[in-house]
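This is the structure, below, for whatever I ask next.
Chain nomenclature is as follows: A, B, C, D and E, assigned in order of appearance, with residue numbering initiated at 1 for each chain independently.
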Amino acid sequence: MLEIVDLACIRGDRRLFSGLNFSLMPGSLLYIKGHNGSGKTTLLRTICGLFLAEDGEIRWNDKNVRSLCEDYNKEVLYLGHHNGIKYDLTGYENLQISATLDGDDVDEDKILYALAKMGLAGFEDLPTQVLSQGQKRRVALARLLINSSKLWILDEPFTALDVAAVDLLQSVIAEHVANGGMVILTTHQEVALTAGQVQTLQLGD
Amino acid sequence: MLEIVDLACIRGDRRLFSGLNFSLMPGSLLYIKGHNGSGKTTLLRTICGLFLAEDGEIRWNDKNVRSLCEDYNKEVLYLGHHNGIKYDLTGYENLQISATLDGDDVDEDKILYALAKMGLAGFEDLPTQVLSQGQKRRVALARLLINSSKLWILDEPFTALDVAAVDLLQSVIAEHVANGGMVILTTHQEVALTAGQVQTLQLGD
Amino acid sequence: MSINWFKFSSPATFYPLAGKLIPIFGVLTALIGIFGLYWGFFQTPDVLTDQKQYYRIIFIHVPAAWMSMWLYVIVVAWSLIGLIFNARLAYMIAAAVAPTGAIMTVLALFTGAVWGKTSWGTWWDWDPRMTSELILLFIYVGYMALRSAIEDNRRSDRASAVLALVGLVCIPVIFWSVNCPDPNQCAALHQSSSMSGIESNILFAMLTMTVSFWMYCFLVPLMRARNIILEREHDTAWVTEMLEVKK
Amino acid sequence: MFNIFRCIVMRDLTLAMRRKTDVLTTMFFFIIVVSLFPLGVGTEKETLRHIAPGVVWVAALLASMLALERLFASDYSDGTLEQMLLTPQPLTVLVLGKVLAHWLLTGLPLVLIAPLVGLQYHLSIESTGVMMLALLIGTPVLSLIGAIGAALTLGLRGGGILLSLLILPLYIPILIYGSGAVAASAIPGSELQAYFSLLAAFLLMALIFSPLATAAGLRISVE
Amino acid sequence: MFNIFRCIVMRDLTLAMRRKTDVLTTMFFFIIVVSLFPLGVGTEKETLRHIAPGVVWVAALLASMLALERLFASDYSDGTLEQMLLTPQPLTVLVLGKVLAHWLLTGLPLVLIAPLVGLQYHLSIESTGVMMLALLIGTPVLSLIGAIGAALTLGLRGGGILLSLLILPLYIPILIYGSGAVAASAIPGSELQAYFSLLAAFLLMALIFSPLATAAGLRISVE
């Protein structure tokens, strides 16, 4: 279980939010809303530990994440505005390296399957440099299929994706939640997923 | 009037499209559809002259654009996946420089008005570095309001924008078209604009 | 009685405190400085071996050289406090001290060069002590360059603190290597200080000037720290309140 | 036209001023490199005086080249460069503006700091003067030639070092005549005018050809 | 743990191999800088032999420093660096892996190319051998120290030249003892062991402290 207690964040000299409290149970999805510049990205980066909060605490299964360090990293997967893939490596190599670093033991078939499922069959062995904006995003998202983390933190995962890919990603997220995972996501696009019964958190006014 | 005659583009060793023909009259909008990697970005960059087509011709008012050179540049405004703004300069300075380079003579009020209209009142004098993803995009889009080009070429202009900004941008585009301008755009998001009576071009299958 | 240190570690309480200290240090700097200069110019011999009058540059040169080194240690100390306690004020003080340190280094180099011209007939030589001072200047410049290259205050505070610490580990090694370029002869090298056998009047003037320099090095960083605080906290409640009261 | 030119120069100067360090870093790099040599070579006066012209010019080459990398790189990565290509202005004017701003920020400081180096290496006053003049004529050529390389290596991984491979060889004539002038000035009665005429001729040639080549390079790299 | 280390090293080596030039550029940069000096200084045998150790080491410093810029930069800009910070692996191991790969690509080639430089500067065979050994121990220290600077200047405008300001002064001990060893080797009967012990001690110290400082720097910069 993830608990956010009295969190406050400052960027530059603007206080983005303070006294933020919420908790997230296994099997649930949190949709963070807010206009441009309301602090969504900052909140997500704070939760996964890339940004240091000004005040407050983030707790994972009742322990402060700062004391958990690498154990917490194992439970979290973050996908931000950047794709986080090397453009000089192929999609296959990218996934393989990130799996090794994540400490997951995945075999070749699983990676090929993940790429194929993201609609990249035939593109596995091209350096991702030559892929289009949306295809690069798909490579990054294929990580979701081979990773064993509990908590997914997705910052506008639907950008650059075409309609088919948006649908696919929604089903992947829904499945993860159904299997007891947790998801925190932001998006400005109206998708079916966020229209349903999900927790929402509104940042800004 | 913009005419595309028998256009063919190759990237790497994939032929993206060939024998592409269409024309665009003043006062109309062309919506280019296509799945990820179908060649939309490539087509747009070819039209505005950043990418050299393999074959075919692009004609502006019956003259080949290659012979028009800078006169054609004056008529075209391109906004791509990149925002094209300097992060060390403020929004105001960015707009002022791009207006000077575009050869437009705009005064201070007009720039401030454009920024305010894009919802950036109060952020004019911050280096754009510290703005959020969506706010940066808004600065880039504010150029549309102070530019006098006829043809707007917009590659996924709605990414990173929140709902209010998407609506605003749609009305800006609609107004430009109503005033006899031309717009070519791509987007994966379903917006009201593209659902109406517009020309569409489908790339890929 | 125990002092509540945490109270003073907040910019809001430090700001007025610094405001009160500044005039005190200002007066001390001036008084001690004038006295030291007076002593240096009128109570010391006119000629020291073959250096004539010019040796009196020592009253600026030596305090400046000492301060340039001390101030680096102070920068490191505040950076360390900042990193350990995540204290904003400590970083701000470190930021305020560094430019003064750099200025002291420049002053030491400049007075040293002038002195060298008058006594050795050359502006510059690659003597270990001079070289070390020059390297110290580079290190100060690097520190300040890094700090001002980073827009975000939090990042620039912490990044420059790490750099200062790295410098602390490296500087002794660097100075020692400059002093002893041939490791086979280092043991034999006798590091003689030119202070030994110095006339007591000269020594007294020099020490007085050093105290004056210390005061100056409290004064200016305090003033700079106040500016930094105002700049960074300009939209907090207490600054707005204070500015309104002033109006 | 002049309006546009000024706009570009001012833009780049403003950008540099925003980061105050940008202006000073090239200068300090130059000073540091120059100061490293005596530590490696030894500090005998005669040797130092002898190698001074070579060291100064090699350091100037390197300083100017290192700064070059930034000439177009940031404009490229944030997309402002492609916007410049799309403006209805002659690209050569934009390029010249950017090169001028670059020289003001990186070349001129080297000229101004040269006397300090003269002190460090025990050069005579005349030699120092000759060095300053040679740097004043030579450094703009470095910026102009370098711009071509910077345009061609834009966006390539390892651009910095690749750039140095492309342009350092082109810098050689400047190095030879620049340091030649300084070395000759130490010999009483030697004729220096030939050196300066040659440097000036290089400058003229670079002014004419480099903007064209740079503009072409930029178009290729952005595609 | 070793698995992770190998994965990172292999990843960076693969990336470099994809752009074949990457591997050779540092080496060529080194050769070019070393070859420029005789053009600026003149080609008398005695002078060259005298300045050789200093020139070689300054060139090695610069070459290693130039390549450093790329150590984390591309990982930072494409977001893979923040992903690395989020992996459940100790960051110091990842850093060490990256530094090792970097040294294999930029430090080792300098060691291998050193004999060529020895020929250019008329060094004796023993001196050349000493130079190679000194480079072999010294260049890893350069990479390790440089990594700290690279981490701290990540993503800053003007990073390359700023980086040089930060770390060139820290390279000074290596420069002094590296070139000192080579210079001493030219004097018959001189004792070299002290030089090498010192260099080895620096290496040890750098191995212990640098990964920690670099990891801290990375965390700060990515925020």
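Everything below uses one rule, namely that contacts are C-beta pairs under 8 Å (C-beta built on N, C-alpha and C of every residue); 3 or more make two chains touch, one makes a residue touch a chain.
Computed from a predicted model, the values in this text were never measured in an experiment.
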(Q) For subunit C and subunit D, which third chains touch each of them? (A) B, E
Q) Which chains does subunit B share as contact partners with subunit C? A) A, D
**Q.** Farthest-lying chain, centroid of Cα atoms versus that of subunit B
**A.** C
Q: Find the two chains joined by the most C-beta pairs in contact, please.
A: D-E
Q. Using the average of all C-alpha atoms in each chain as its centre, how far is it in Å between subunit B and subunit E?
A. 46
(Q) Using mean CA coordinates as chain centres, what's the gap between subunit D and subunit E in Å? (A) 25
Q: State, to the nearest whole Å, the distance from the C-alpha centre of subunit A to the C-alpha centre of subunit C.
A: 48
Q | Computed distance of Cα centres, subunit E from subunit C, in Å | A | 32
**Q.** Where subunit B touches two or more other chains at once, by residue number
**A.** 81, 88, 127, 130
Q) At which residue positions does subunit C touch at least two other chains? A) 138, 141, 145, 149, 154, 178, 181
(Q) Going by the contact rule already set, what residues in subunit E reach two or more other chains? (A) 19, 74, 157-158, 162, 165, 168-169, 172, 176, 223
Q. All pairs of touching chains?
A. A-B, A-C, A-E, B-C, B-D, C-D, C-E, D-E
(Q) Which residues of subunit D touch subunit C once you look at their complex with the stated criterion? (A) 19-22, 24-25, 28, 31-32, 35, 38-39, 43, 119-120, 122
**Q.** Interfacial residue positions of subunit A with respect to subunit B in the complex
**A.** 11-12, 34-39, 41, 81, 119, 126, 130-135, 137-138, 156, 159-166, 188-190
Q.
Which stretch or stretches of subunit C touch subunit D in the complex?
A. 113, 122-126, 131, 134, 138, 141, 144-145, 148-149, 178, 181
Q) Along subunit C, where are the residues that touch subunit B in the complex? A) 151
Q: Enumerate the contact residues on subunit B facing subunit D in the complex.
A: 48-52, 70-71, 73-74, 76-78, 80-89, 93, 97-98, 100-103, 127
